[in-house]
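Below: a set of structures, written as structure tokens.
Below are two complexes that have chain A in common, paired first with chain B and then with chain C.
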Partner chain A sequence: MNKMILLIALPLLAAFLIPVVAKFSATVSRLLGPVVLAFVLVFVALQWNVVGRDSFAIFLGGFLPPVGIVFYVDHFSLMFSAIIAAMLLVVWPWGQYTAIRQQSLYMLLAASSFGLVLSSDLFNLYVFYELLAVATYGLVANQPHKAAPAAALRYLFVSCAGSVMLLIGIGIIYTITGTLNIAHLATMIGKLHGLAGLSAFILIVVGAGVKAEMFPVNSWVPEVYGTSSKSLSALLAGLISKLAVVLILRVLLMLFQVDVVLDLLLVVGILGVLSGEMVAWRAKDVTRMLSFSSIAQLGLVFVALSLSGTIGLWLAVGLMLHHLLVKGGLFLLADSMPGSFNSLKGLARRSPILGAIFLIFIFSLLGIPPFPGFWIKLMLVINLAQQDDVLYQIAIGVVLFATVIEASYLFKLVRIMYQKNDENIIKPPQTSTSGMNLLYAKFFALIVVVSMPFVSPISDRLKDMSRQSVNAENYIETIMSQPKLGGQS
Partner chain B sequence: MNLLDKLLIVSGLAFIAITALRNYRINDKLSPLWYLALTAILVLMSGVAYENTTIVSGLHYQILGFKLNWQFDSLSWFFAIITVVAALASSIFMSGDWARYYREKGGNYGMLQVALIANVLSMFLLLASSDLLTLFIGWEFVSWASFFMMILRPTSEAKKAAVKYAIYAMTGAMALLAAMVVIYTAGGSFEFKAVSIAFQGVSFLGQVILVVLLFAGFAIKMGLLPFHLWQAIAYAETPGPGAAFLGAISSRMGLFAIVLVIIKLVGLSNLAEMKFGANSINMQNIIAWIAALTTIIPTYIALQQHDAKRLLAWHGVGQGGYMLLGIMMFDSIGSAGGLMHVLNHASYQAALFLTVVAVVYRTGTSDLNRLGGLVTQMPLSFLVMLIGIIGLAGLPPMNGFVSKWMVYRSLLVNGQPLLFVAAVLGTLGTILSVYKLIHNTFLGQLRMEHREVREAPWSMMAPMLGLSVIVFITGFMPGLIMPWIASVQESVGLPAVEYTLGGIAFAKGGLDMIWVSGILFYGFGVGAVIFYLLGGKSKRVHQFDNYAGGHFLSSDVRYHYSNNFYPGLMHLIGTWYRGSFKWFEGVLVSIVSFISALFENMYRSRQPVILLVAVVLAGLYVVYKNYAGVVS
Partner chain C sequence: MTKYTSLLFIAGLSFLLFVIVGYLPIAENPMVAGKAILGSAQQEVGSANIVTSVVLAYRGLDTLGELSILFAAASVVGLLLGKSYSTDSVKTQKSGQAKEYKQFVVLKSLDLLFPMLLVVGMYIIVHGHLTPGGGFQGGVLLAVAFSMRSIVNPGSDKKNHYSITFIEGFAGFSFILIGVLALITDGNFLQPLLGKGEFGSLWSAGTLPLLYLAVGLKVGAELAGLLFELNGEEERV
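Up next, the complex of A and B:
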């Protein structure tokens, strides 16, 4: 299905067209982006059944692997494409009439994100990852907050350093094997499982880890989220961090299921969970608290990834989707909250619905039954317990301890929000987006609530999806044994 | 559809109906009817207790390969009937004048009712759990339902207490979750029988960890030492009748879980055989001592309280110790005493709390320094409190005496003199502090501003009197409820107690409360005859028409305080109040705070690239250690 290329081509085209069209008609240029994204959503929905149980590959430019560009389409990549489109629609800067540049950047971000989830070749992954990074630099630097440029600059430094690591890692792999096609690499896994190959993987993980909020290369997180608009924070915390994880996932699942790697991921995950929750505990304003809580949740994803194979991917995807909903929702909700804790007094009394949504999100985040977060946490802990290594038992302890810390700061906030406060009511900042974002937050909360009875079917789907994605033989076969050009298997 | 289905469905419907109607006045009068219906269903279900059968609910739910279903046995039924009667009493109490009063004060009465039914529903779900997973889910529901009730009062102190409770509850839940996954890993399922299998499968250290995790999880809910700090304040700060309900039964869910999981599933012999060191310290002793210390320390904290609600709430923590202490003796009368004390405590604690709430309703305060002499104004409330404190202190002829007698007897028979002394010390503290309670509320000097105070209205008096009747009847004829307790004992694997209508048939000296009460009342009767018939002339005088120490007592001379109430005693034991547990709690928070500050510093570092290089180097080093020599 060559049509799949539209996923990248259309947003990219839109990104360049928006400024041009804006010269002629502001309305058309404003609608261009959402229309493209809506189209992508519909397109993905139509493709869903086409993919079925068999994934397929697309070869661009008529070059057969291992040369040429290959896209690999399975339910996993389709699901992420749909999520990217939906999430971008949610954070789309509708209200800001002047933000043509921002809209362009969002479309660029869309194009690179779709590319990232579809690529099955290390070099392409790198290219799209860089494109994504450039788009985020632009967005972060464009924020009205006066500290935004400084935050963006520091983010740029560390992110570039990460990209260099990533590139070195990819270079090493190329030197060892002479190819960058992941399927091709998967056929010569033996070559990679040596000192050089694993070193390359370490470099890739750390490099991509910068955006995946991995401990300890995530110090940009609080600063950037603190200066960005809540919509952008929702996007960065909810989605972009997950895309970096997807990059790591592709490489990890196909090439590096090695004990030492898994152990390293586990250690990084544990430290991420612990440090994130503990610093969030000291936070004095909402954004900072959410940022560090986000770091902790990404740590949890790394802990899940350290479980090998289907289970690991299944749990990681479950955690990511849950975090996307909950943390995305919380950031959107935070748009209607004044920043510091002191000014939050009595907020939930004045706006009960806001309080209720906040409670739904944090209950799910903490993993309290019957919210979906509970089942994910339960499955994670059960699967951690089934490993023999003592490191995994430590992980259980840390995850549970971190939950207690998490509960203590979240409920501290609940207490403040429900406190009686008649004097000095501080009005929340009425940004142009807060009304819309509150609506989206309600919608996210609704999804969390509605998904409660459907935990089993969702989890089964995710498991099937993970099985499909983890299946290396299928992956190699789909990509490497393509007799025809541009065809579908 | 069996009775358990009906119970769960009716309580679910009640929850929906009360939630939907919460802003309508009709709900005030309707909601007690729901509890009446639930009581009726439980009474119909009493076969579970008398014939010791199990009802399995037809309701079930399949999720992630786990099958959730619910069942009731005699243990569940015993706790459920206490729950529902406590809820019924509270809901009648708050349905009339109190609702108006609460609304006038700005409280959200509808939410209080929602919270009450949410508590009852979640407790039913917990009591009906049929495996560890449903137990955990029910457990969380109960925790958050009571959190919901605690947070209703808008004062910041109430909120602080509730949040503290939330943190403690979360800690307990996580300990429980950890224990669950250990069991799941070793036993392969969450079924209750997997607990025993898992127990045989793990090492000695694993067993100890498992018991510690389970016990800590449950003990936090019960407020056992060293987790006692949260409970009293949180309960005392709950709105009026809600406090009565929580104080009566909520924390006993911890005891239910201990009996179910640790006594029934882990097993008594396993606990007794879990020995440490060469001496005879085993898990049974340790838990028994925790229970004994729980009877002492919170009770003496209660002695220092100046607020009636807090005083009672601290006793609620302390009395939990007796229940566990009795059960930990593993014999027929000790465990019967412990289990019976659950019911007894619920009845008198609810009565006492409701009395205090009635006093607050009339006078506006529960501060013992601002009360006194109300016996002339509220004689029936005084009577209820008198009956309640006799029960709480464990004196005949009320029910508290029966259960405590059984516990003492068991301690003596089992050769535990030290534990016996501890239990007696606890009782001493109880007697002293309940005297302080009734003296400072109803006896002594009436304050000027309370001269117009009237007796509590009947909507409030009725449940109070009803509960005191239960306190007396179950004390006078414990045999009425003994069959339930014997069934519970059989179902959890304890030896069943032998009973008569009047008490206990026990080879080494039984108890017949009908005789004890008879002799007691005979004594009182003789005294009354001497006093009223043979005594000289008596004259009624007004309270202020009096003098003491050569001074006339008038209303402007205040001589009635609860401060420094037992100066002699405090001179002896005052230095023991050091707040060590509070200090320890503070230390834990400081440690967490310190480590967080370290992490925060790391995140503040202005040179993230250096961190990045450092982590790359560390990763490469690990790879090098593992793969040096393996050349691709």
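Up next, the complex of A and C:
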């Protein structure tokens, strides 16, 4: 059980050692990162049955809460750990061995991501969030694109402002309650529901919302995705944005299931969906279109979160997994579709497989019946319709309207791709990574297709996991009521 | 337009924070975790400096996180500066040598200062669990000791500072190794080992002084590497 900390310790160790090992043997240092990630995958798979129905907690340093740092392990965090490891393996910079420190940054990214899904301590979450942020600044700034440093600088400013707000929020909560442990906080929920506590939560949401591409604080998105390689965009849009949502999730589910907060999330989500889809409709190239559509999809996640309890978590996780798969796949696919829409004329006729994969992804993204995306959107709309509040009725309208806009711009692109070839079209240059990324995109599309008949069992499983994660009594009991540990006598 | 929106946003945020501060129970905080630590630190950890017991024992993982953030920042600087490493560094080297005669007094006093800074830095690191100070503060002094020459005379000693990369990696490795050792005996990550020793003596508080030594070396190597790098003296991988 205690070995779970290896998820953090090993990637950090690899990050520290990669520059040293590189002096002795280039091959070993290149393999260090992928080996650690593969080990984590196997390790998590082995832990899956150990967790069973009972989640467990690990107490770092052997100090019991509220003084020590606690990690909470359930199926939810294990699933996200496995996804993180797999996704990082997919976007691993295999070809770029000149910058060995970039691999260190990827390993730091891995360690902080595992920390974010496992930790149950507010300040510890902040530390990992900050580590994640610094590693991504470096990766974004180190892109070969001319405008990359400028994009990274804007990202840095917005993100730093967000981090400060997150820290202020955590500080306010600590001042009110005197503790940072989320389970301990959950036992004194009454203190948090005053004006100060709620504003602290709003600060946390806005702060973490920067990475989650939340509506008012997402101005960095198009620029960064425009200048980054498609693998990095797939990582940022697919995975990192979800991790920020996971940070918000823990705090929201355990501490702030209040109407005001839920309404706020709903409004932010609606605005995100609307603004994202509107701008995506006007986009002139694939990357921009995908960036704004990603903002809209994250808006949907926030709409789902505004439904309280198990249903909210279940829908949010479903939407996140679906978006990770589809948007990650689309960004990887976009590596083979550079340039503006006009240069894509007849692309699908030249390479039919690329066209087919693109169609699979956008059908699922839109929610066309047999694809998994349809069921998630359907469940979202059904559950929104069961709420009494007028705001939720508006949300249904917005979700459906957004789907129409989405269909309009996605099919516009499809029409361009299937147009007759003009002779004078110059085939845009392919990047060195596009072959590999096309392969991964095919794999992602395969997962989408294969998952179609299994939607029902998958969703039941997700619902079970959500029930386990939402269960506050279980959470508090697992963390707070432990017999005195061995410790040091 | 953007300017006014940002201004409005900042004004709104500061107003919000002012209002919240009015609501906070300042000076009568319910310091639940803080009081618990003050009550039990001496028995549980055994370091005379309670701040150290918080930094390395109760919240050791946060410290590891902070170290990693510093490492990430240094890596990013290395990554970005390494790209634009230009040929005009040869020129700065020449002018640096010419300047060396003019800075005779400064350079000689740096040589005098060097051992003292080393001693003070190491003292602060080694006594981190007894007196105020510790790995972070002592590490900064070490970094200054090694990079003084380069600060006074940028570009003067051009060489591949491989030892810095090595110390950096080795210190990080030892910190995590000490943390993982506890796992073997079914303990928890970063659990203090080796017994508490006599309270207030140099050999006390178990593995905490070793951890602080690793922190000090890592911080020192990291900062020194950064300074060399910013002075254009190091070509990192």
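In this text, the second predicted complex is superposed on the first by the 481 of 489 C-alpha atoms of A that agree within 3 Å, B and C clash if a C-alpha of one lies under 4 Å from a C-alpha of the other, contacts with A are read in each partner's own complex, and residues count from 1 in each chain.
Here is the rule we use: a residue touches a chain if its C-beta (ideal position, glycine included) is under 8 Å from a C-beta of that chain, and two chains touch if they have at least 3 such contacts.
Not measured: the values here are computed from a predicted model.
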item: Which of chain B and chain C A:370 touches, first, second, both or neither; value: first
item: Which superposed partner A:176 touches (first chain B, second chain C, both, neither); value: both
item: Which of chain B and chain C A:199 touches, first, second, both or neither; value: both
item: Contacts of A:16 with chain B and chain C, given as first, second, both or neither; value: second
item: First, second, both or neither for A:190, with chain B first and chain C second; value: first
item: Chain B versus chain C as contact partner of A:379, first or second or both or neither; value: first
item: Touched partner set for A:99, first chain B, second chain C, both or neither; value: second
item: Which of chain B and chain C A:3 touches, first, second, both or neither; value: second
item: First (chain B), second (chain C), both or neither touched by A:210; value: first
item: Common interface positions of chain A, toward chain B and toward chain C; value: 165, 176, 194-196, 199
item: Chain C residues within the chain A interface of the complex; value: 13, 16-17, 19-20, 23-26, 29-37, 40, 44, 57-62, 64-66, 68-69, 71-73, 75-76, 78-80, 82-83, 162, 165-166, 168-170, 172-173, 176, 179-180, 182-183, 186-193, 195-196, 206, 236-237
item: Contact footprint of chain C on chain A as seen in their complex; value: 2-3, 5-6, 8-9, 12-13, 15-17, 19-20, 22-23, 58-63, 66-69, 99-102, 104-105, 108, 111-112, 115, 123-124, 127-128, 130-131, 134-135, 137-138, 141-142, 149, 165, 168, 172, 175-181, 184, 194-196, 199-200, 485-488
item: Complex contacts: residues of chain A adjacent to chain B; value: 154, 157-158, 161-162, 165, 176, 190-199, 202-203, 205-206, 210, 216-220, 222, 260, 264, 274-275, 278-279, 281-282, 292, 363, 366, 368-370, 374-375, 378-379, 381-382, 384-386, 396-397, 400-401, 403-405, 407-408, 411-412, 414-415, 418-420, 455-456, 459
item: Contact set on chain B toward chain A in their complex; value: 62-65, 136-137, 140-141, 144, 151, 154-156, 159-160, 162-163, 166-167, 170-171, 174-175, 177-178, 181-182, 184-185, 592-593, 595-597, 599-600, 602-605, 608-609, 611-613, 615-616, 619-620, 622-624, 626-628, 630-632
